[in-house]
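Going in written order, the chains are labelled A, B, C and D, and every chain counts its residues from 1.
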Amino acid sequence: MIVILKKNPDEKQLNNLMAWLENLNLSIHPTEGQMHTILGLVGDTSAVDIDLLRALDIVEDVKRVQEPYKSANRKFHEEDTVIPVGNTQIGGDVFSVIAGPCSIESEEQVCQIAKAVKASGATMLRGGAFKPRTSPYAFQGLRGHGLELLLEAKRQTGLPVVTEIMDLSQLKLFDKVDVIQVGARNMQNFELLKELGHTGKPILIKRGLANTLQELLMSAEYVMAGGNENVILCERGIRTFETATRNTLDLSAVPMLKKMTHLPIIIDPSHATGISWMVKPMAMAAAACGADGLMIEVHNDPKRALCDGAQSLTPEAFDDVMQAVNAILPHAYKMPKGM
Amino acid sequence: MIVILKKNPDEKQLNNLMAWLENLNLSIHPTEGQMHTILGLVGDTSAVDIDLLRALDIVEDVKRVQEPYKSANRKFHEEDTVIPVGNTQIGGDVFSVIAGPCSIESEEQVCQIAKAVKASGATMLRGGAFKPRTSPYAFQGLRGHGLELLLEAKRQTGLPVVTEIMDLSQLKLFDKVDVIQVGARNMQNFELLKELGHTGKPILIKRGLANTLQELLMSAEYVMAGGNENVILCERGIRTFETATRNTLDLSAVPMLKKMTHLPIIIDPSHATGISWMVKPMAMAAAACGADGLMIEVHNDPKRALCDGAQSLTPEAFDDVMQAVNAILPHAYKMPKGM
Amino acid sequence: MIVILKKNPDEKQLNNLMAWLENLNLSIHPTEGQMHTILGLVGDTSAVDIDLLRALDIVEDVKRVQEPYKSANRKFHEEDTVIPVGNTQIGGDVFSVIAGPCSIESEEQVCQIAKAVKASGATMLRGGAFKPRTSPYAFQGLRGHGLELLLEAKRQTGLPVVTEIMDLSQLKLFDKVDVIQVGARNMQNFELLKELGHTGKPILIKRGLANTLQELLMSAEYVMAGGNENVILCERGIRTFETATRNTLDLSAVPMLKKMTHLPIIIDPSHATGISWMVKPMAMAAAACGADGLMIEVHNDPKRALCDGAQSLTPEAFDDVMQAVNAILPHAYKMPKGM
Amino acid sequence: MIVILKKNPDEKQLNNLMAWLENLNLSIHPTEGQMHTILGLVGDTSAVDIDLLRALDIVEDVKRVQEPYKSANRKFHEEDTVIPVGNTQIGGDVFSVIAGPCSIESEEQVCQIAKAVKASGATMLRGGAFKPRTSPYAFQGLRGHGLELLLEAKRQTGLPVVTEIMDLSQLKLFDKVDVIQVGARNMQNFELLKELGHTGKPILIKRGLANTLQELLMSAEYVMAGGNENVILCERGIRTFETATRNTLDLSAVPMLKKMTHLPIIIDPSHATGISWMVKPMAMAAAACGADGLMIEVHNDPKRALCDGAQSLTPEAFDDVMQAVNAILPHAYKMPKGM
């Protein structure tokens, strides 16, 4: 960590600062510049709050050299994390495809979709029981009953299931769920993350619409700090000024996260674009640049398409996506070791 | 609501669509254009999910004419909402100043600050007990004990108190809190909002870092739909590409929200800028353009400034801000009726 | 175009509006809603300034149904545009790879790089002579002399050349340049675009850092409206809050632009990420989702790497990228006809 | 400037780097950390290209301590710059109000507006002759003839005039123009900025829609590096995800720029919001937080309002804004010396 002091700092305040820093077991290496004196801090700075230092009258600016995340940091854990889930895994040599309906509507619907996506090569089933909706007047999901239907589809197909938790009070219902999803709007629901850190379950965290990759890793760190190292990261589009797509899918997050962390990275092209025909090209691009998997919305009943989102694929369209992605996979990017 | 159809839509699908819309008690007014047919929908469209319509093969685009929020909409509730809080109010003729420490640290600290800000003219006391921190390794607040200290400061000064809830499980502790704050990161924690809609307490909702004004009103709508109309909106900076300030304070939100809604609007210049000396000019600007109040961080002990945020003011600096704001207030913007 | 009127519009103003619209040869189809009256306008609305309509007292909002671009619009020109350039082409069945140094430094440098990238399969040579630099104190390019060196490299290799124009006064020097590039910062330099519309040369327009895809097409429209239909679009990253990469590469622009327009689309992963090792995965992703080509920075002298940008590849690294991209290309996304 | 080296850097490359830095007359102060070695560079680093350093294999990151702008930097020029313009000035004790039509349409129009805004207290007249329009099919301004009409209005009223240049080739027509405006889309048209640095005229530079404050100052630096120190900065809204207003007016730019630079700062609420009724509250807020002036669009003929922008005020509405702003001004924020 580097502390840049203002010109001619008050000596008493400077001594206070030096004493405080030494108390934190940091050693201090000053450099006198023309305009500024710079203090290089050596030691474990991960607990130093950068904003607090900036508050000092004598401090011009503070810059971090080390990343504030530890457990998630590739520098301290070179090997890719592989997370076993039921009969499959996330990360490593498996390309995970998590497919299923946006909302669980009925046993018939979710089981039919589950069978279809399994036949096309999906490795896991997704389905929403608790639905975060912008409007209080919109359908909020089948909730507890939805979870039961999802587990029934798991029984019928053997596919492990991923579904979203919206509040801690729902956690007791997630016992047989294989992967618990934390939605983009809850990415910084720190109480929820902390509690999920005390479960042993794989946790899939979606990047918030306006969150940096570092913040995503800090949210992973909340779960990992509680002792649960089974964290999966998911990029699902960020908010920009562009309006032609719902969000802007940030695929450069894939190689950048691979460098920053050892955790697996999943791409959700359905939510990112909000447009069903764009799922295929963006899924192909995600596979090409080295993602560990995809999360894709699939609906089953074209006649009832009115009740499915603009971003969902039919099982036939999903099968087409799978074939296209499978053709890309043997040629996909692999990050070299030790980058 | 306007539905723009693709060129030469499939007739069967069009009939299905028409039947579905009529089922929703909407009447349909088509206009034939050169490239497109447009359907004007008349009736209550607030429950129609715009994404679902867009999903249809025959639909090119859908555009909303009516706002999706009702209870919060100025069009249906012309008069400003005034929310009584203890011996004061938010909205109407009172300019609310909610001041206090970022984190509650001790009884002495919070009571001393409370007395100081009251003397300078603050109408309410703020203080954080449950603290949302990006890093799991940072101080997370005194939690339940912090709330007790805040209530002690309320007893000593008579100032009503505002403090943040982070999870539903904490709600039982907020019984004597005057205003419950929902933080920016929880703006779309819909389960929390729903439950707060069943309390009678004033709820102050902070705008999320990447949320539109319409989404802020939809979050207000969640609380109001539960029967609690005491909602206060707070702008605290949005995330942009600019890095000189922590966030970008969107002051045009003040008049724009005044037009969209009857709910009171508070500005938080401390979090928006993240820089203590900028609080004064931005507080003055907020007062000038018609905000209903301010939320300002104040710390008390310059010698311990290391443990306060870069954005906090000393009581003396806060007093200076109050004088400057009070000089602006008689000349502040008032939105004309019926705009 | 749809005009949404305010409740109870002033009759005289409404009559004025109706007369004005009819003067523009638009026919008007009103729909009476509960809160609003809607006017559907049928006819050629591309010349109607949407802001002007919104200015009217009686107008609540205006929404476009037709796109404001015509020449660039896929709806009026279904076939992909293919632009012949020297012995190659951009668009159609050829995947263009435009490679070369950020700045032209010497004959030896540019010719050596040109030979190297040609050997690896580049179809065109790029090189900067006029350099837009944020700082007036940074190297501004060899300018006219740089162009001469670039043309010498063209003579030696036969590769057509692409280079950036920064001001109209430079145009006379671009006679033998094959493709003229308009940089991101000049994307809305309308005087420049207009004049380039009167040349017959292929014009490659880079998307501005904060410009929408529709605005990019409007800039293409400026060139095309002057009679020059040889426009190539280039996505090179947009500005967002993310700081881990220089910009955010918006790959969803590839399929979305393919739907909006018939013009070819090139991706520049070097500028988008600003990080050399990220060029490979992002180039692969761009190829996978259907881009018509790539623009990549290559430098030649590892010992002088200090004078090359953080985003440049060595010829060896470029060769590796080419092999990886070539492996992807046979499996790349092709937009179905008539989408 | 601080260079953060990777762990265990290659010794030969490190020696090359050290030699190169010393060649630039920088002295080097290393600090050995646990994970990284840090080099503190002392000397004039304004000409060092930070991207070039980052390109080195052995470099992890580079952080600037000193700002890259010099002439515009408040640290080297403590006093506010005051720019005399005709019978008035920009900066210092004068609050400048630059008002007039978006587009100059006729002598009658511009002269009538000029007289009206002068009567209400405007200090300068604005009017567009060369108009940057997104669409090639929209009105592009009266161009040279428009300038003549603007100068006629200057003769009739004595008001100094501000108008936009779009291309260097127009410069010869700007001889009698008092202040030359560089529009937001040309903020990084470096050839134009360089040439304007060789005129003696005051140059008003509008911040680009996606440009940081530091980049705005670098553009000012381009003009100042040419010897022209008469630069005025103008904030006119930045592009964010919010769609309720056209852009997001960044008023925190006012105090932040005051700290960074000695140049005067003008706010344009008309373009920022794009909504005429919002001009008043945002003008008041701009005055309150210490702006040096305003730029406001005014049209004159309510009957022809169809041809004026949604953001223009009538002369009566402008007069109302002036009164409101004048009431704020005596209480406005003044940045303390030496901040």
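Note that in this section a residue touches a chain if its C-beta (ideal position, glycine included) is under 8 Å from a C-beta of that chain, and two chains touch if they have at least 3 such contacts.
Please read all numbers here as calculations on a predicted model, not as lab measurements.
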Labels of chains that are neighbours to chain B and to chain D: A, C
Pair with more cross-chain C-beta pairs in contact, given A-D and A-B: A-B
Chain D against chain C, contact positions shared by both copies (same if over half, else different): same
CA centroid of chain A to CA centroid of chain D, Å: 39
Centroid distance [mean C-alpha coordinates] between chain B and chain A, Å: 26
Two or more partner chains touched - positions in chain C: 210, 239-241, 243
Chain D-facing residues of chain A, complex: 2, 4, 29, 31-36, 38, 40, 42-44, 61, 63, 65-66, 75, 239-241, 243
Contact set on chain D toward chain B in their complex: 210, 212-214, 238, 240-245, 248-252, 254-256, 260, 272-273, 277-278, 280-282, 284-290, 324, 327-328, 331-333, 335, 339
Contact set on chain B toward chain A in their complex: 16-17, 20, 46-47, 49, 51-57, 68, 130, 132-140, 166-169, 185-186, 188-192, 194, 208-210, 215, 218, 221-222, 225-226, 239, 274, 276, 303, 305-312
